[in-house]
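Below are two complexes that have subunit A in common, paired first with subunit B and then with subunit C.
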Partner chain A sequence: MLALSSVPALLVGLILIGLLVRARPILAEKPFFSLFFSSVWSPLKGNFGLFPFIMGTLWVTLVSLVLAVPVSLLTAIYLSEYAPRGVREFTKPIIDLLAGLPSVIYGVWGVLLIVPLVGQVIAPLFGATSSGYSVLAGGIVLAIMILPTIISVSLEVFSSIPYPMREASLSLGATKWETVHHVVLKKGLQGIIAAVVLGLSRAFGETMAVLMVVGNIPRPPKSVFDGGYPLPALIANNYGEMMSVPLYDAALMLAAAVLLLVVLFFNVLARLILIRVERRSA
Partner chain B sequence: MSRLRPVPVLRRRKLKERIFRALMAASVLLVVGCLALIVGTIIWKGLPAMNLAMVTQTPKGGYYLGREGGILNAIIGSLYLASGATLLAILFSLPVVLYINIYAKRNSRLASMTRFSLDVLWGIPSIVYGAFGFIIMIFFGLKSSLLAGIVAVGLLEFPIMSRAADEVIRMVPRELLEASYSLGATRLETALKVVLRQCLPGLLTAVLIAFGRGIGDAASVLFTAGFTDRIPTSLLQPAATLPLAIFFQLGTPFPEVQQRAYASAAILTLIILVISLLARGLGRRYTRHIIK
Partner chain C sequence: MNKALGGILISGLILMFADPVRPSHQELDGALTMSGAWALYPMAVKWGEEFSKLHPRVKIEVQAGGAGKGIADALAGVVDLGMVSREIHPAEIEKGAFAVAVVKDGVVPTISAKNPLLNRILASGLDKEVFVAIWITETAKTWGDALKTSDKASLHVYTRSDACGAAETWAAFLDRRQEDLKGIGVYGDPGLAEAVRRDPLGIGFNNINYAYDAKSLKPLPGLVILPIDLDGSGRIEPAENFYQDRDAITAAIARGVYPSPPARDLYLVSRGRPQTPLQVEFLRWVLSEGQKFVAETGYIGLGAQKLAEELRRIEGK
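Up next is the complex of A and B:
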């Protein structure tokens, strides 16, 4: 059992090493700069520029964060500081369910509702033309998918703040919101950052739902109404052909390795912050 | 002449309170509304397209062009795959979780390291598990098959189940363990006969949560499980899965096939809803052996 309990740590390393070993051929053959900063993606001619896909991922992630962070923080504050018990107990399973819905379902829903909404309502409102399959549609769907992560981590952070601190603030005549602002948000700031970073890394790696609504155009997007092509979608869309074109599989494994490294970095960062927050409150 | 005017200030502070209260209420409604909207849309679009053939037949020739058949292959495939993956995940999670909670010292470095790595594993996107499953597959010379899919999804479920089970087992009162040791039980006996029994409902919930994640995941099976119109009869055959069936049907240019994608999405949503309800219900039942 001792051996088994080191499985999780070993597994993280094994996945990373496996991906890097498979990506080695392309790292050995192509210069680093052309892989990450070239916009030319034509596997048949041997051009593997990941830049458009990296930009696609960044755009979609950014849009989802801008949309999700305020909503999820306000929800978490309400549930932790304001809500009567009944509301909290009613909302908790709903947030769990939102986290448990498969990404394909989010994708189908996005195609049915969000894509037409963006294409026919939101884009014309801003004087843009869009098919609807866009960075914005991907960002909206992603935002909903990362809500549960940010909400539940923030809730844990808020509940670790000692109650007497709030009482001290209230007894000085602060309103409830002022207490939230100056005590809860201030004390919980690090934890909130960790919650947002966890949401971010969730958004970074989400595949199917985004793939279905984002348009998959291999060009760096110029506005939120343009189509984009995030890294996970690139991997998922091309797994079929990758074994028949030289270096193609190495390029996709490199994309997966990049994805993993970024997600690992954010996760380790967020978890370290959370451990510190937990230790301080204990 | 200067005069203290506390009233407008107070009014402004109260107004601020009200504005934020309204914003918060709106946010909560938005979150709850999103779930209602998603489930509502899927069921509303899916139910009219649903029929008995969908859930009792495999695809006949030309199914993806709009001909006869159903998606029984994908439903059964997904159930096989998620069950296998869940078994695999239990096999690895349970020893790990029991070890860090019963054998390792409380709050030991090993235990916190393991929890930390589990959290990190939990954050790894499913497409990466898919790619890693693919590498394993190539390494062992396997083709895309039920077995490869089970390995990839099993890896994906492992941290989810472990963390959920850990939360439960961590809550076992220390006195209970000590009572068991004082009666002369070994740690293994304590783990298997006392702790597992005490935690059974919570553990079942953990298993169901992991199963639900496994059955709904598409990105990890894309590389590994393949897709076929037949129901697999061995671990080495490829298997269709429900999420991929939805994805492929939606990707066809034929409206009648897209209708079936909506119906399939409704089926998957219903399965997930049932699993969630079961997980909640089980948490309440089977509490017979629990010592509070």
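Up next is the complex of A and C:
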């Protein structure tokens, strides 16, 4: 049993080692600083600056979280604490369905709806000009993709909080909202963090839907209306050129390793927060 | 009666042994997989359909995903034939890429029919130097810069995000490589056509078969082919105006009036010289009988001499 349960951890390690071994040629040849902090990406001339792609990933993910977390938390609170039973039973399967839709469907929908919305409505509102293929479009599509994940995990968390606790709070004269605020949210905080991290992980790795709307410009974005180029899109778009350009495959493997490390970093960070929360409440 | 039967049997036996090696009646079967260039996709699908009619037991699967995917898949042995719409790099030949040219087509620059300066653009066209200023140096930021007028309407430049032949060929026309093309990267040929079609200030490029409608042979509704000012006169003369329908542009490519690049050969690539009977027969058929479907599908034939040359290469002569 112990051996079996250590398999996943081992796999992550093996994948990381595999990627780093394949990325070694470029790590050996190029200085570390130029790989991660240079904005020049022109493989044929031997320039492999990953900075635009790292920034692209961070921007798109951040935008999607800012949009998705408040909406999905409020939705989960409403469904779990306020909504009549019928509404809840009706909504849950729809949310599950949304979580299971293939990402390319979100991508097509983003191209047809979100890109023109950003280009023709939202950007002019802020006095910016944009074709619509932008970090914001990617963030919106991604936000909608991670909504169901965060909502359904939060719902599970809220439903695990014992009813007597809510009743105790209400009987002390707290209003419904005060009960939600001081009992449900407080008790469920760890779970909420876990839900957000789950959404975050999906956001980091999501490839197809983002690639289709984000503009794929290898330049660090300066505003949400600029195009960006996240790491997964870089790997998906260019894997075909790996064969012919020297060091290209090593550069893409390095990009994959960076992506894995970023996801790991955020997961570990979330774990640490969880541990602190647990200690404080103990 | 017995004698007659014996005679038939014997003559049958003799006939059998007289011509012992005739495998031509042996029915081909199995599956043939192809992936890669969007440019070659409609042609490969057509060839697949027609070839399956002749050989009902053969199943042909075609998948699009850009020239880069085609060559990578073929070299990795994931598919039988990769579709590649650009020149094969020396490093790829070193890794065993065996490319057979099968047809020609071209890449054309495109703009939206909603472009506010449409008539001026169609009258003057744009020349290579301006294309360099738009896609490479980014010194042309407005349509006024491109047309050398005072118009302030900004210019939205589009390119392809996936490693592909169309972008590589368009860049080759500008004496560069795909990675040098600036602009918003859109995935796939249809995606790029759609993005430009919808953006009144957009400019992009497409393979002929994604810029023109396969049924009406006219440019896609909403999309306008931007005429290239070939002689740099600042005007599109009648001799430079061959974009009205697909037949006109393919004729211009065949005559060599439309430059190459952006016209180019399209290749089917295998890992090493094709070995299985199915691969060999398919390529042989494509270069001979299959060529009669080329014009109706919107491509340009290679010419008899080049076809014969490619056939000889498949047979290893």
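Just so we're on the same page, the second predicted complex is superposed on the first by the 254 of 282 C-alpha atoms of A that agree within 3 Å, B and C clash if a C-alpha of one lies under 4 Å from a C-alpha of the other, contacts with A are read in each partner's own complex, and residues count from 1 in each chain.
Please note the rule applied: contacts are C-beta pairs under 8 Å (C-beta built on N, C-alpha and C of every residue); 3 or more make two chains touch, one makes a residue touch a chain.
Worth saying up front: this structure is predicted, and the values here are computed from it rather than measured.
K.L.:
After lining both complexes up on subunit A, report clash or fit for subunit B versus subunit C.
P.N.:
Aligned through their shared chain, the two binders clash on subunit A.
K.L.:
With both complexes superposed on chain A, which partner does A:210 reach: first (subunit B), second (subunit C), both or neither?
P.N.:
Touch status of A:210: no partner.
K.L.:
Thinking of the overlay built on chain A, is A:100 touched by subunit B (first), by subunit C (second), by both, or by neither?
P.N.:
First partner only, subunit B.
K.L.:
Look at A:238 in the shared chain and tell me whether it touches subunit B only, subunit C only, both, or neither; answer first, second, both or neither.
P.N.:
second
K.L.:
Is the number of subunit A residues in contact higher for subunit B or for subunit C?
P.N.:
In the superposed model, B touches more residues of subunit A.
K.L.:
Thinking of the overlay built on chain A, is A:198 touched by subunit B (first), by subunit C (second), by both, or by neither?
P.N.:
In the superposition, A:198 touches subunit B alone.
K.L.:
If you stack the two complexes on chain A, which partner ends up touching A:111: first (subunit B), second (subunit C), both, or neither?
P.N.:
So A:111 meets both subunit B and subunit C here.
K.L.:
Which listed stretch of subunit B (57-65, 75-83, 111-119 or 273-281) steric-clashes with subunit C in the superposition?
P.N.:
57-65
K.L.:
Indicate the residue numbers of subunit A shared between its subunit B interface and its subunit C interface, in ascending order.
P.N.:
Shared contact residues on subunit A: 111, 212, 239.
K.L.:
If we count contacts the way the header does, which residues on subunit C are in touch with subunit A in the complex?
P.N.:
Those in contact with subunit A are residues 65-72, 75, 89, 91-92, 95, 154, 156, 158, 161-163, 177, 179-180, 182-187, 191, 194-195, 198-199, 202.
K.L.:
Tell me, which parts of subunit A touch subunit B in their complex?
P.N.:
Going by the criterion above, the answer is residues 1-2, 4-9, 11-12, 14-15, 18-19, 22, 70-72, 74-75, 77-79, 82-83, 87, 91, 93-98, 100-109, 111-113, 144, 147, 151, 175-178, 180, 198, 201-202, 204-208, 212, 232, 235-236, 239, 252-253, 256, 259-260, 263-264, 266-268, 271, 275.
K.L.:
State the interface residues of subunit A toward subunit C in the complex, per the touch definition above.
P.N.:
41-44, 111, 116, 119, 129, 131-133, 211-212, 215-217, 227, 229, 233, 237-246
K.L.:
Where on subunit B is subunit A touching in the complex?
P.N.:
13-14, 16-17, 20-21, 23-28, 30-32, 34-35, 37-39, 41-42, 45, 92, 95-96, 98-100, 103-104, 110, 112-114, 116-121, 123-132, 134-136, 155, 158-159, 162, 209, 212-213, 215-219, 222-223, 243, 246-247, 250, 261-262, 265, 268-269, 272-273, 275-276, 280
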